[in-house]
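By written order: A, B, C, D, E and F. Residues from 1 in each chain.
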Amino acid sequence: MPFVNIKITRDGATTEQKRQLIAGVTQLLVDVMGKNPATTTVIIDEVDTDNWGMGGESVTELRKPKS
Amino acid sequence: MPFVNIKITRDGATTEQKRQLIAGVTQLLVDVMGKNPATTTVIIDEVDTDNWGMGGESVTELRKPKS
Amino acid sequence: MPFVNIKITRDGATTEQKRQLIAGVTQLLVDVMGKNPATTTVIIDEVDTDNWGMGGESVTELRKPKS
Amino acid sequence: MPFVNIKITRDGATTEQKRQLIAGVTQLLVDVMGKNPATTTVIIDEVDTDNWGMGGESVTELRKPKS
Amino acid sequence: MPFVNIKITRDGATTEQKRQLIAGVTQLLVDVMGKNPATTTVIIDEVDTDNWGMGGESVTELRKPKS
Amino acid sequence: MPFVNIKITRDGATTEQKRQLIAGVTQLLVDVMGKNPATTTVIIDEVDTDNWGMGGESVTELRKPKS
């Protein structure tokens, strides 16, 4: 019955990578907690780099080459 | 003052259906809890089926016909 | 497969009220969207009034009698 | 280490406004709580007005001129 | 920079189990997505069974022996 | 109408600090975005250090003196 929300920056995660995240975190909950995988929900949010801040700056800014 | 977040797969929910969800859940909080509808907030997130997992598989996979 | 999160202030919601919220919002998603109730998840968060703000003030403050 | 999620309606917030929200809320957590800005994360969600309800109506409806 | 929120029912998860969830999901994001573990945040919410619904009933109800 | 969720570790934040967070983030949304403070909601979640991970370790572990 667990619910997992994974937020990552929108950077071109592939369908295959998303499948691996869903499968991997579901299995982790089985292995560590004995949870039922059938009712484990995973939602992946992909967030634009303008909308994600770290250290007071957007990720868009953080990734710009510093001169 | 309640806050409600409804997450559904992105499947073509219509504007009318979203209006009914907003009206219905707001009324439910009035009826059950006596909450003030004026300050009840509802946010609906529509999530791509590649980004929603259940039972360790994405909904995209789950919906494929099994051969 | 919908996921619903309801946030209310911690004010003594009863077990019966929570059951009605869970049943009501699950039925709403059946009625409006045709969703499968078996896989509909609802999580209720009860939030202390010191930790909930509206209009720039905590709910604790808002509820104090104004002299 | 704080995590902040800001949800606003999708109304044309500019990149500059988002930068100011990220910088401002990060600084607020430094000033009020003494938190380390380097590990403060901020995520801004922009929500379509059809998907945001207040008072039982969508924001799309609320903004329509009343005749 | 990923952010992960894991919601489980409050059932006596041990400190060791929580450590394994945190370590495991952080490593998964390294393995699948190449994310930097240093800035990966994981938050575990433990939710009372009265406050978690599935199939229109609370988990408290679902776990009662059916006569 | 904005909605803000601030997650911090449970470390003894005072009622006064929470009031300052609520007032400050509400004012920030007025100043930067021109939002209506009356309908701005802020929810603060305080999370146990066992339940918050960073860099693959719980904050409880991270704060232990290293020998």
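Heads up, the rule we're going with is that a residue touches a chain if its C-beta (ideal position, glycine included) is under 8 Å from a C-beta of that chain, and two chains touch if they have at least 3 such contacts.
What you are looking at is a predicted structure, and each value in this text was computed from that prediction instead of being measured.
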Remotest chain, subunit C as reference, centres from CA atoms: A
Interface residue identity across copies subunit A, subunit E - same or different by half: same
Distance between chain centroids, defined by C-alpha means - subunit D, subunit F (Å): 14
Where subunit C and subunit F are represented by their mean Cα positions, the distance between them in whole Å: 20
Intercentroid distance (Cα basis), subunit C paired with subunit A, Å: 26
Shared interface positions of subunit E, touching two or more other chains: 1, 3, 7, 21, 39, 41, 43, 52, 54
Pairs of chains in contact (touch as defined earlier), listed by label: A-B, A-C, A-D, A-E, B-C, B-D, B-F, C-E, C-F, D-E, D-F, E-F
Interface residues, subunit C side, partner subunit B - complex: 1-9, 13, 17, 20-21, 24-25, 28-29, 31-33, 35, 39, 52, 54, 59
Touching residues (chain side subunit C, partner subunit F) in the complex: 7, 47, 50-58, 60-61
Complex interface listing, subunit D residues touching subunit E: 1, 3, 39, 41, 43
Parts of subunit C lying in touch with subunit E, wherever the complex brings them together: 15, 18-19, 21-23, 26-27, 37-46
